[in-house]
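Read through the structures below before going on.
Here subunit A shows up in two complexes: once beside subunit B, once beside subunit C.
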Partner chain A sequence: MKQLVGDVLLLNRHTGEFEPARVVREIDENNFADFEQRWRPTLEHRRADFDNHRAAAAGNAQDSHWDWVGKAKDARRAMGQETFAVECDGHTQGLMLVDLTRFARLDPHMGRELVYIELLASAPWNRHRTVAGPKYKGAGRILIATAISLSVDEGFEGRIALHSLTQAESWYRDEAGFTDVEFDHLKKMRYFEMTAAQAAAFVENQENP
Partner chain B sequence: MKLLISKDWLRRKIAADRDIDIEAGRPLSTAGPEPDVAVIAEQKVVQLRVALGVLVRQLRQRDRLSIAELALRAQVSEDEVRRVEHDPHYTARPRLIFQLSHYFNVSLANLSQIAGATHAVNRSLYNEAVRYAARSDDVSTLTEGERRDLDAFVAMLNERGKA
Partner chain C sequence: MDRRQMTLVLNNKDMDLLDRLAERRGMSKTALVRQALRLYQSVTERIENGSKMFVEQPATKEKTELMVL
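This part shows the complex of A and B:
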């Protein structure tokens, strides 16, 4: 059943103002409807503008194939999988699916559990490279912070990991502070991991900017 | 679960972030059915899990433990141990692999690969595991030859684990 995790803020790029939003755990029928009726048409329309995958990546329409509804329903039944959403202005502004059954590759906690972010996406109308004049900024950062919070709550000390889409690699490495571990030849994506210390730095207090 | 961030933190960080998209997950260019690859991967996983079953059974026999005794000492369920030993289509939970790795002092990374729990498998590790499984007989006690093979395989796993 959907649960409120916490109240947050998103920056409305159009007005320059922060707006109240919330993070929820276990996405529900409203989020499914948002994805099917609002996300997917935008993504598919955008993808249709391109004639190959590389061009689709450039336009950040790569995830139009993601079956969020199916994956979220699977997660309800599966041990070790969780879904989260950022909601604002009555709609789903970001989605995340995590897996709690993976292990860290980095010292000093190699082999210990972590929260692996299977899928993370902001709504297509919030994407700088998908639409002209994207609306909300911050959903991705909030979801990364949510994954760290879950990791701490599970006793994993903040450890998280993910495979980044190409256009996001520099943010994960240079701004979020992940370690760029390696290129995963099977997934054809770079694998990033955040240690407990890096996670603590990510959610640092505002007194230590 | 409590969010470890404040609204002040969000105001400051979001305002400072570069305006780029930060999606994560498998991209479209690698999604979709790849039947040849999937079939080969599934066959390899089954072969690796046969090796895992042999390894766990022989380690247990080496230490003269029943399935119930191993389950108790490694803090896992008897059913899981039984299925890992005998069912190559059984997907072992990460916790089981972790506990067995810890109990038998075998490299977790390599044991995870043999369990089919990783996306990629080292080619030479795969070859060694398949060869090791092929040499074993399903009998209740270890022969001297099997004991030598077991020791060599565990040593190889742990040597690779250090690399």
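This part shows the complex of A and C:
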């Protein structure tokens, strides 16, 4: 059942004002409907502008095939998976699926538990290169902070990790403060990890930008 | 988050193991049991779906199949 994690603020780029938003755990049918009826058509339309998956990075639409509904339903049965959403203005502004059964690769935490971010996406109308005037800023950052908070709650000291789509690599490395660990040949994506200290710095920066 | 409580009865040997593991992993005993359940569910579901799980020795690349009863 969907649960409130906390109240947050999202910056509306159109008005320059912060708007009340909320983070919820275990996404539900309303989020599924948002994805199917609002996210997917925009993403698929943008994806069609490009010949192949690699080129779609230029339109920030490489995730147009992600099956959020199927993954979220699977996550309901799995103790090791959780889904989260940021909701604002009555709609889903960001989605995240995490896996709690992975282990760190980076020294000095190699082999320790972490929260692995399996999927993370902002609504297409919030993305540069997908739409001309993206609306809300901050959904992705809030969801990363949520993953860190979950990691702390579970006794993992804030450690998190993810594989990045090409267009987001520099943001994770240079803005969010992840360590760019390696190119993962199995996933064909770069693998990033955040240590406990990096997670603490991210949260500090989030609270005192 | 909704939570329910249960009492876990362990013998001394098992409790000592739980204490040591929790200390080694830097986790509370509750967090450790929750994590153990997550991993157990993940492993058993994969095996029930027909997957095989192996442990590989990094030096020799020798693989041992993990059997779950």
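Operating definition for what follows: the second predicted complex is superposed on the first by the 204 of 209 C-alpha atoms of A that agree within 3 Å, B and C clash if a C-alpha of one lies under 4 Å from a C-alpha of the other, contacts with A are read in each partner's own complex, and residues count from 1 in each chain.
Everything that follows uses one rule, which is that a residue touches a chain if its C-beta (ideal position, glycine included) is under 8 Å from a C-beta of that chain, and two chains touch if they have at least 3 such contacts.
Predicted model, so just to flag it, every value in this text is computed and none were measured.
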item	value
Combined model on subunit A: subunit C and subunit B, fit or clash	clash
Which superposed partner A:101 touches (first subunit B, second subunit C, both, neither)	both
First, second, both or neither for A:165, with subunit B first and subunit C second	first
First (subunit B), second (subunit C), both or neither touched by A:25	both
Partner chain(s) touched by A:140 [first = subunit B, second = subunit C, both, neither]	first
Partner, of subunit C and subunit B, that touches more residues belonging to subunit A	B
Contacts of A:181 with subunit B and subunit C, given as first, second, both or neither	neither
Partner chain in contact with A:33 - subunit B first, subunit C second, else both or neither	neither
Which of subunit B and subunit C A:155 touches, first, second, both or neither	second
Subunit C-contacting residues of subunit A that also contact subunit B	25, 101, 113
Subunit C residues touching subunit A - in the complex, by the definition given at the top	1-2, 25-28, 31-32, 34-35, 37-39, 41-42, 45
Footprint of subunit B on subunit A - complex, ascending	5-11, 13, 18, 23, 25, 47, 53-54, 56-57, 60-66, 97, 101-103, 110-111, 113, 117-122, 127-130, 137-138, 140-142, 144-146, 148-150, 152-153, 162-168, 170-172, 175-176, 184-189, 203, 205-206, 209
Of subunit B, residues touching subunit A in the complex	1-15, 17-32, 93-94, 98, 101, 108-109, 112, 119-120
Residue ranges of subunit A touching subunit C (in the complex, touch as defined)	1, 3, 25, 78-80, 100-101, 112-113, 154-157
